[in-house]
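What follows is a structure written as structure tokens; I'll ask about it next.
Chain lettering (A, B, C, D, E, F, G and H) follows the sequence in which the chains are written, and residue indices restart at 1 in each chain.
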């Protein structure tokens, strides 16, 4: 095992099983987020301890089920677990005025949208959810298009062929982040079809994150919010 | 070489280099169509001779360029070549009242739509083209949606992510045949992305044909028209 | 949460977790069908309530297992559950004279064919099943080819290499919808091989739906039946 | 051909071969951009005429080679052609203070970066290029990391394995748009490897556009700039 | 350069640019066949010299165009070039009574069938070609099925979806070698679809060779013929 | 349900859930083999009853586990179940002198080899197994190469990269059927890598069957044995 | 079953179910390693017996779980089981001075790194682990880069996009073996993305082993160590 | 353009169009190699000027055709161009005693082997080529196996199924670097099949570089040679 450097703060803490990036909050506005799958509960607890100690803002653990969440929360009270989003969060940031719209094409996209919404709120965004507005019943989307367009950014969560992303991309002017979802079957190829379709979209300026990555979409929105904030000057 | 049967008509003619299916018009309402790529011009001329002799209705050669088309037409006057559709046709069927709408998402889809339209017209369908109604400017489609819905069937020709097929599928009640187009680049994977997306469509009852197959879409529409016709009874 | 519009009927009902498309029956001849996987039973029950209330014809829930089916049926008596087809249906449409043949290549294709048949019957088609007529024993198909050809449309359900679709496509004149099935192993690639093969078929005018999508094939047939019906005039 | 609606402005102009979306500038801040490949020069000229007439800001034609560019410019003087970017532009927007950094991993990424830079400048962004800072010689990137981080957004253009995107994503806080490039050979799979790698990035909040799409990245940045601008208020 | 062993015959000749396997005729019944693409004409000439000198039976060069063929033949008179098969052959084996049927689905399969036929004849098989018997016109195949079944082995050459292989596999009892062909477009994936379909065939005991490999199919038949011959005993 | 034809024997029996091909033994030398997965035990029992009644030789059920095997055997005593091969067999054919060598690269290939061996023996072939002769320890193969080459045909069963097939193909003259196995991990892609490698083999005349298809290899050998037998004349 | 040769040592032992390569230690410096998955415990025990008897150095069983490990250890005391590495080892080689650095990008790479480390140590390498130094927090890697570069070889274990391999490849001069890991989701394609990215790396001279193959990386390092050792001369 | 830092040497030179990594020779033992495709000849000339000026050892340009090579050589006399290897080299390193064997499976692998050999020699390795030793004629390889095994490292260059790599990996103890080649057709998938097969090899400790990357293999060997050298101490 390579020992941690003595002397000046190296910007990380070597816990042996993990090197916690304690400089990330200063560098990127939010502390390192912990991805739970494959980690032992004890390790998660230790990493969270370090992050709570070495940062000031939100501390997040993603994709964590109820059982380990309970254990970690017992060690670090004051946080909360959102079971739909599978998110553990401590010290959520106060809302900063950045309005994020999250749209889903159908009810199967709900878990991914839930993660996106919970992470976005934890880092201080104001989230409105527009559920089940897929293009098979286009009037549902058209009915709220103006309301969606009034947001600072839009996240579109859609599986199957992911056509909702293109349609939304053509209707609004703000940044659109598309999240392909692994629902569907057969030719949907576990989300790869939606992913490729979104990347090939005829709507200019759409960007895409990984399949099922509600977290990735929320963090992309967080980067946007920081860019907006930094230009706006002190609130 | 296996010799052709003597005696009763075997339903095909063995030309040595090809066995022409002379029973297809009786069986399926239109004679065997000749796919030109890879065939010598002399062979195409001989097959067309056989088909003109052994059938009564339209005779078609697809994907044929201007040069060989001229040669074949010289041998069999009375036909015509549509260069945009790359189609040679003799004895086109008279319009039979079946109204087919063909939509394109963008101008890049034009060659495929041209083939679909020319083949459909040659077998007796009445075609209306709705060009460049892709979802990046959705109002273009909504403006003609009612007019499209009044047709007996719709063919949607689209490359990139192919979202137009899903949107149309959700707006109209009639049969929709989607044709993925190999335009686009990168993640479009030469039409495979549009193909997979159309097959994964959230719009129920959409069907799909091969990439760039304007011919396939027109023949699917022809099967529909025959089904409608057979139920309508005589004239 | 975006609230539902007050005033005139927006054509959907916002249940919070879903926006039920109540205008679909008027637009497409059959109410929105509910895809059960991933939905909570309570949500299915609520959506069905809305659909039964806001439409007149068949209401369908697809891919639903016995256990949740029982719960939903208890809340909405009068429907029935077909376990082989995994379909819940209320108010099936009366037979309207459209004759649909459904063929399977082998016994492994049975569940997909069962879904296609049950959905097709629920929306008013008259279905005949021709089971286990795969091309490895071609005489089984030839023996019933004439009977198959007498239908208004044909659905071919086949896994492995899906060759049955091409053979049937060459024998009959009516519309043929091919459904690739995910049975088989190895090079069958969970149905992708059959899908690609059917799309590449040498039989002109064949169309294809998603892997295992008995539902999609039935809905494509329903679109055909509506097209035939609309041309035939009042019964 | 479906005729254009009479009376009120439908938001598009039907030129027969294309439906020009004349409402896009109002809807999305920049007029419809014309993708040249596959279009006849005469058609491009006509579309540009319409766009110049019906909008006030920049008019762009992408992926256009020198020869057709000359023809179109002759018809519509006042524009300019950037051969490296293959871009035709009229009425570029004045710089609006949004600082965009564009990084390339190597010299092979130059054409894609050139397109991104030219489009971004045409829509009013202030672009700084950081060329050839790939991770094989990491000190080149570290040397300019602080300067890069001071921008409002970053576009990373990289082929091969696309690792530069992840490294940059970990160093800066602002929005990062990754553009996979189709250079490289073998396992690079014409840019698909870089695409998949960028989507799988360990750096949170990275977003991705289509392979080689400098245009897409610039338009994504334009959406960001509009979001920043709208929050900043006038001037 | 590793020198060739002195003393006893090592079973190969090291020409510097190639190690010619001079033991293959004794080991496998036919000398090493030369695959022309990528080889310089002078090298082909030298290898052929060695093979003619060190073996007694047929010497073959595959995939060789007219121009280099002429040069090689000039150096080694007595051979012949079949341009359709792109095959150079010296000392073809006399017919040995093994009857091979080669079937094609369509005229596009002709070049591959030509290679299979020419190679098979050169190694002493008696070949009958059944051309253009694809399943879209099934009666063409049924008409000659009995004649095909009377052969010792069958090679089926088919592109697109390759369904002919399955149908033939179900009709005949003898060994069937399927050759997928790279014709077709879109979902045919340059022969990969036919390849996968043939491997997934419902007809038991079918075997498959590489895409477009008429040579491979002929050599598989040659292995069969040798097995039959070795069991039959002398003449 | 389509009723079975009255009058002359149609060559199949329609059991409602399956059309048993009762003509296959006459046509192809062995009765239809029943693939167990996905079939109800009662259906298997009924199909076996029909096959035992309508044929004279071996009757086989493949991929059948111990539990259903017991039930079917209880209904049809006199058969036997080989659990390693997962094969049920009645009335195995007596050995007919055709010598088949089956080679495995490693112990992981054993189940597939077991199926190949059991099916081959049931249809009358004489099988010798050469286990664990993969190329990582090449002397194991070289040690038995002469013995292998003395057989009438060889089946090579190998996973991972499947190199054994090429090496054997270069050493023996008789027909070689390669069976890719889905063992291995990562880049082995569940047998697809071995499949592609075997098809691309540098050894001429190798043929390939589906992944894990010991049954397919045995049936290919059975076709070979019938071809040899038919040329040998009465025993 | 082919019997083992009598007389001189053939270099393997035929146990019936396996041919143990007893010559491998002499040939390659370490005895054949046993891959446990798919092998019966009794067979593993027998193979280990043979290897312990016929070789002098380390004997290894990989990917073996606790339960079978216990059984095998009971039969062959003196070995040890590392549960994290899933490795059974007897007679580990003494450290020979070859210093191997193993780096992981994140905690999810730990099991693969554990296997690499345990195998490497068992064959006599001196291993230092640098955990969790992924590029999202680049300072963690830079902080130990010099220490890493002082090793004789480096193994980089990384999932997701695998960018760590390229960055390390650019920083150090010694051999770098990259191991893609199947962690991640969606576009990570179970490690295929990392695999392709590592193969496409911009860092020259990087080599790659199979997905999740800690064993393969350790054995590649062992080959390096033997090359170094053989050049260094005794002691 | 970001300006180059003033003051201390930043380890690179910013030429505007490229940032030349002038620290690479010190860091990795050989200067940055220039990949020619896509670069203008003038840019190559300028980069070479910088490299010759700022380093002491070999300077290489890869994949460069005769025409631009002549121009660059005219500007920088003293180098040489190897047309078979497409390599430009100045100041090749003197042979340092590291013996590298390069094997090819067939003549089609020659260009890749030529690049590997030329690069390896330029960086000071002693190369022996063993050409055309593919496994279809295994005795060719066995005949030189001992000679191959006496080298410090082996590079195996093979297309098609790449089986040579596994066989060599089983015969020698030293490091083996496999290079898949894009020759072959159909199922060879332009080298992807060989790549996957080599990664899945049953021979432990084999490593793989990108398709056709003779350069990559040579650089991997160079890393090995440096590791050996550093352990050997001063010559």
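The rule is short, and it goes like this: a contact is a pair of C-beta atoms (placed from the backbone, for glycine too) under 8 Å apart; a residue touches a chain by one contact, two chains touch by 3 or more.
Which chain is which protein? Per UniProt: A, B, C, D, E, F, G, H = PurE domain-containing protein.
For clarity, every value in this text was computed on a predicted model and none was experimentally measured.
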| item | value |
| --- | --- |
| Intersection of contact partners for subunit B and subunit E | C |
| Computed distance of Cα centres, subunit F from subunit D, in Å | 57 |
| Mean-CA-position distance for subunit C and subunit B (Å) | 26 |
| Inter-centroid spacing, subunit G versus subunit F (mean Cα positions, whole Å) | 36 |
| Intercentroid distance (Cα basis), subunit E paired with subunit C, Å | 46 |
| Residues of subunit C whose C-beta touches two or more other chains | 106, 136-137, 171, 186-188, 192, 195, 199-200, 204, 210-211 |
| Touching pairs - complete list by chain label | A-B, A-C, A-D, A-G, B-C, B-D, B-E, C-E, C-F, D-G, D-H, E-F, E-H, F-G, F-H, G-H |
| Sites on subunit E touched by subunit F in the complex | 27-29, 33, 152-153, 171-177, 195, 199-200, 204-211, 215-216, 218-224, 226-228, 230-232 |
| Residue ranges of subunit A in contact with subunit B within the complex | 105-106, 134-138, 160-163, 166-167, 169-171, 184, 186-189, 192-204 |
| Subunit H - residues contacting subunit E, complex | 106-108, 110, 128-133, 136-137, 139-140, 143-144, 147, 183, 185-188 |
| Footprint of subunit F on subunit G - complex, ascending | 1-2, 5, 10-12, 16-19, 21, 23-24, 32, 35, 37-39, 43, 180, 182, 191-192, 195, 210-213 |
